[in-house]
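Read from first to last, the chains carry the letters A, B, C, D, E and F; within each, the first residue is number 1.
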Amino acid sequence: MRPSGRQPNQMRPVTIETGFARHAEGSALIRVGGTEVLCVASVENRVPPFLRGKGTGWVTAEYGMLPRATHTRGNREAAKGKQSGRTQEIQRLIGRSLRSVVDLAALGEMSITLDCDVLNADGGTRCASITGAWVALRLALGQLVAKNVLTHMPLRGQVAAVSCGLTKAGPVLDLDYEEDSAAAADTNFVLTADRRIVEIQGTAEESPFTEDAFNELFALARTGVSVLFDAQTLAVETAENR
Amino acid sequence: MRPSGRQPNQMRPVTIETGFARHAEGSALIRVGGTEVLCVASVENRVPPFLRGKGTGWVTAEYGMLPRATHTRGNREAAKGKQSGRTQEIQRLIGRSLRSVVDLAALGEMSITLDCDVLNADGGTRCASITGAWVALRLALGQLVAKNVLTHMPLRGQVAAVSCGLTKAGPVLDLDYEEDSAAAADTNFVLTADRRIVEIQGTAEESPFTEDAFNELFALARTGVSVLFDAQTLAVETAENR
Amino acid sequence: MRPSGRQPNQMRPVTIETGFARHAEGSALIRVGGTEVLCVASVENRVPPFLRGKGTGWVTAEYGMLPRATHTRGNREAAKGKQSGRTQEIQRLIGRSLRSVVDLAALGEMSITLDCDVLNADGGTRCASITGAWVALRLALGQLVAKNVLTHMPLRGQVAAVSCGLTKAGPVLDLDYEEDSAAAADTNFVLTADRRIVEIQGTAEESPFTEDAFNELFALARTGVSVLFDAQTLAVETAENR
Amino acid sequence: MRPSGRQPNQMRPVTIETGFARHAEGSALIRVGGTEVLCVASVENRVPPFLRGKGTGWVTAEYGMLPRATHTRGNREAAKGKQSGRTQEIQRLIGRSLRSVVDLAALGEMSITLDCDVLNADGGTRCASITGAWVALRLALGQLVAKNVLTHMPLRGQVAAVSCGLTKAGPVLDLDYEEDSAAAADTNFVLTADRRIVEIQGTAEESPFTEDAFNELFALARTGVSVLFDAQTLAVETAENR
Amino acid sequence: MRPSGRQPNQMRPVTIETGFARHAEGSALIRVGGTEVLCVASVENRVPPFLRGKGTGWVTAEYGMLPRATHTRGNREAAKGKQSGRTQEIQRLIGRSLRSVVDLAALGEMSITLDCDVLNADGGTRCASITGAWVALRLALGQLVAKNVLTHMPLRGQVAAVSCGLTKAGPVLDLDYEEDSAAAADTNFVLTADRRIVEIQGTAEESPFTEDAFNELFALARTGVSVLFDAQTLAVETAENR
Amino acid sequence: MRPSGRQPNQMRPVTIETGFARHAEGSALIRVGGTEVLCVASVENRVPPFLRGKGTGWVTAEYGMLPRATHTRGNREAAKGKQSGRTQEIQRLIGRSLRSVVDLAALGEMSITLDCDVLNADGGTRCASITGAWVALRLALGQLVAKNVLTHMPLRGQVAAVSCGLTKAGPVLDLDYEEDSAAAADTNFVLTADRRIVEIQGTAEESPFTEDAFNELFALARTGVSVLFDAQTLAVETAENR
């Protein structure tokens, strides 16, 4: 039995609310069970130094967690004066995942920053960030097309992410915090709607696991992301038909 | 005429929603017009080094702004590796304001941190933070009393804050961003429900102003905080009768 | 009775010695009782990035305290690797206060930095810094006029600052360290010679105070700054007639 | 054709030299083609704060690269004042990988730090670090057993790592720098000698890839690590029979 | 001819004023020509961690320069967030120089910090710091003896420092800024009153120099420090007979 | 007797291996007894900001020590976020020493960075760094001449360094770690092959020493560097005749 009573292949409820950040070109407040992440896309007419003059764009991400998004208050990274290794690892993953489906050359010399800030945490914040950030990015790009800044949508695919893990209840989909902190292995799958792989990060927490177990987790992830793709599509359609 | 069409002595709409931060002992999401701040109280069973063993408690605050809470994206302080002077000044003000109405000795060796994070900014974020933080603090203390950790509520007053300024439309109450950025003078009043002063910060932005002007701003502030005290009272009552 | 035996409305002895910093365009070593601050104005032919090409100048301030300016040695901020929130708050206040009386457009694309370094501290260091920095600034501007870099003095007023507070001896003027550390409320008034307000920072240290008490403090401040304006005037006249 | 003329499933030459760091409890200088990493194990009689008094040990890793290990000189992280996100990501991976095969409870309250410093870089430095660090760790633990500090070897498995990628020459084993910088996908496999998975990190560099491609890369990795396990075994035997 | 018209073996005027820092256990404001350094000794009843429980004391130094002590304003190290390599080198030198004449065991578990802050700079600030710091240290120790905290003066010698250099005018004593910035070689001699060597730092600025030249500089230094020893002695006597 | 059984005027075995850093313009792995430093020269077509447009070049150095180069593991400076005072002092010394024999104007607007990283430490690492860095620099410059980037070798001399000290065995040459940590005085001599002085740093560790003792150390250093000059010459000849 899972602590939440869910079936092994059952996602938590997913909702994506757009427009929360009033000043931003695109934003999505994603809720996956008790995890809540505000994903915000900001468009700027400049690129990082290493790309200047190359006629190509850039997509990057930053990740943060409010100090009391978690059970006990964590230190504020701005006050400590540096981002943790975990934060940097996660924001690099989000950035890479979204770049893999953007035609950077078609974007031109613009950059889009995806800020993913966790308001409430209950496991799976990096996967929720990727899933929500895709919606924020999609809306920002849609606005650029609508304003004729871009002649076409420079997006080559739809990306979502989910974590699966080996728990006492066997291989399960979409770990919550309680499951995550006790899992023997935890794997994040970043996948596309056309069934390709963007990123796989599988980690044995306690002891190594078998290839068969890995394949079971992969199959669960396939199930999970299909729910997420639907939620993304619904959010974009709702936002653009407003 | 004010840009928003408001009367000189008219506040923007104020709402305070409690319970947004699920893990926290108290939280208040305050909206004052387009400004939206999540204020979260965290209780911890320890005090800073300078108070250890003195039998007294501590109340402090931290302030942050999401990178795209504003019209153009600002740099994330955690990524820059330090908090700006403005951030530090604001969080020191919030902490002082709340400590002035808490009986720290009655609190015992516990500390309460108020995290005020701006989700959307449209002027007056420090005042909204103080007003919302009082609600979060009040709820956290109420929980400690309800759980018999404290025998009585160690709160000696109710605090709220509002900014007033000298604009082209004359002295006005509750500046929004457009007014604030063009005001000749800007004064923040942190006041108590029993009509006392916690903190006054009056600043000439462009050129010094007269004592008469200052007195007009003070009178407007008295009007404004009475609205805020009502919103605070309503939020606390609603939360505790749930 | 005040610890020093002073009358409630009595300032400590004030002296301002100019020319202490030999390389600087203007400098003033101000002593207010046991508080001693070296205020130094440096003129540079450039402005911060946000002002470049706008044809306007800038005035800013930095504040520091020698490690043993106080009763017990404090850590050196350069060694700790960051300026405290208190330091940043004070230097922002000094900069704002002086900018309020400078015609930045008339200054042209130059910047003037006021370095205020506390050599000995006995309360009121931020007020002494503002009062001394005005003299250093005035001398530096005078030199620019004398050298025909500027056609006229771009100064619109004379600024000085004093702290008043509620102590056991009632409302008193010009708190020394012993009074300051025990005061129930402490208010800094930055005022101009033509009786206008540049900045007011009133803070309840322990419990909120009444509007009547605030008005008494304000009246004391009026008395105090008149002494400071005389000391400033004397220092400038002495320096320029040398 | 691969740039180096290697077969798709062909590793570069691998050598592991032990004892290079004279003061350390264990050390391995691993060379995989032109990549050269010095892996050093340091044993200390204390554990990080979060483990104190729990009777269990800790294994962690730090990673660095000499400024001119690469084609063009990179900035020294100590001079920049912080470790890059890439560095932190890699050292977290090395630490996790080794902890997965150590019986931390059997280690007792000791910690072992694996310093992996890249002397020359030609692709695959994180994989070489893991492979070499296992040898350094094994030797340090062997010394603790030999000195009767530990009653038995607290190691539950043998770990090695290799990167595989999709290049113009198709799926290939053990990418060098030239291949790595142009690969369409790059996957690091951290595997055990008993054919289990410690960590998989698969990343689409340019565009997402298929599950079939992923499976081909996995099969190549199986081939590669068997070479590495032999090199590790040889190095340990040689060192311990000296 | 030297720019100042001084003879090759002529020191600039030297004065040492004590008691400038009112709260400190010992202080000396030393002036060597246009160079002015405030040297302050602070006694604390604790030692750094590496000495705790060893029954021995510690003497250390910190060095700083006010931003406008020099011809053009330098950045404030506290604002930059770190001390320069030059600052660290100088403060390490001052600390070592004074420790060489203190009987640290006789001091007991106390530490004395010498803060040397340059108020005006015209060459030779590190030498003036050492010379002035010895006086501040001597006075602080004298006070500890007078208060019976120490039974005898734990000082084994008298230390002073002077710089000599190879200039266009040949080898000269006590370089000022103009000479220092153009010297072919610059050597700092830290010597004791009983003619022993504490530290020698000789540096070729432009091209290496001969051993004969070095010996000439050494002879000049002997002349210079005798003047400094007299100034130190006078300052201590004056202070203690007050 | 010296701990190593060496004669007072006997160097440890010295070897210099070139070409260790495969990507660098010049490199030397120097071993002096148990001390081992990798010295690497990197040529870049730019100069620091203060030299831009002046037509002259720059030579600088950075120094580091692997965490376990020493008996007990030291903290990694990149992880601590700053370089120690000792590190900065050493790298400034290495840079100055090499600049003293380079014709920077003849180098043109190029800079050469010498990275000196200590792989194993047994005393004398700064001297070994200087000695090895000269070889790396010489090889890099030779390559620039060979490629006709430079018309002639812009090197005016040959530099090497050795430490001498006063130990229980009297004045000795080339201190190892055991001697260094117990020496009463320690002097580093940076000398040229034509018998001139580049830098002398003599430090009394415990108590001041006499001028006679200093002269004895200087004589020993003359003996020592002649060995080092031979080793440098041999390394350069071997490398260039390969």
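Just so it is clear, a residue touches a chain if its C-beta (ideal position, glycine included) is under 8 Å from a C-beta of that chain, and two chains touch if they have at least 3 such contacts.
Each chain and its UniProt protein: A, B, C, D, E, F = Ribonuclease PH.
Note that this is a predicted model, so its numbers are computed, not measured.
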*Kindly list the shared contact partners of chain C (Ribonuclease PH) and chain D (Ribonuclease PH), in label order.*
none
*Tell me which chains count as touching both chain A (Ribonuclease PH) and chain F (Ribonuclease PH).*
D
*Which chain's C-alpha centroid is most distant from that of chain C (Ribonuclease PH)?*
D
*Interchain centroid distance [CA atoms averaged], chain B (Ribonuclease PH)/chain C (Ribonuclease PH), Å*: 28
*With chain centres defined as C-alpha means, what is the inter-centre distance between chain A (Ribonuclease PH) and chain C (Ribonuclease PH) in Å?*
51
*Once you find the CA centre of chain A (Ribonuclease PH) and the CA centre of chain E (Ribonuclease PH), what distance in Å lies between them?*
59
_Intercentroid distance (Cα basis), chain F (Ribonuclease PH) paired with chain D (Ribonuclease PH), Å_ = 32
_Give me the residue numbers in chain C (Ribonuclease PH) that touch at least two other chains, ranges are fine._
81-82
*Would you mind giving the ring's chain order, read from chain B (Ribonuclease PH) onward, with chain C (Ribonuclease PH) coming straight after?*
B, C, E, F, D, A
_Could you list, by residue number, the parts of chain A (Ribonuclease PH) that touch chain D (Ribonuclease PH) in their complex?_
82, 85-86, 88-89, 91-92, 96, 100-101, 156-157, 185, 187, 191-192, 194-211, 214, 218
*Report the residues of chain A (Ribonuclease PH) in contact with chain B (Ribonuclease PH) in the complex, numbered from low to high.*
20-24, 27, 34, 38, 40, 42, 44, 62, 64, 66-73, 76-79, 81-83, 87, 113, 115, 117, 119-120
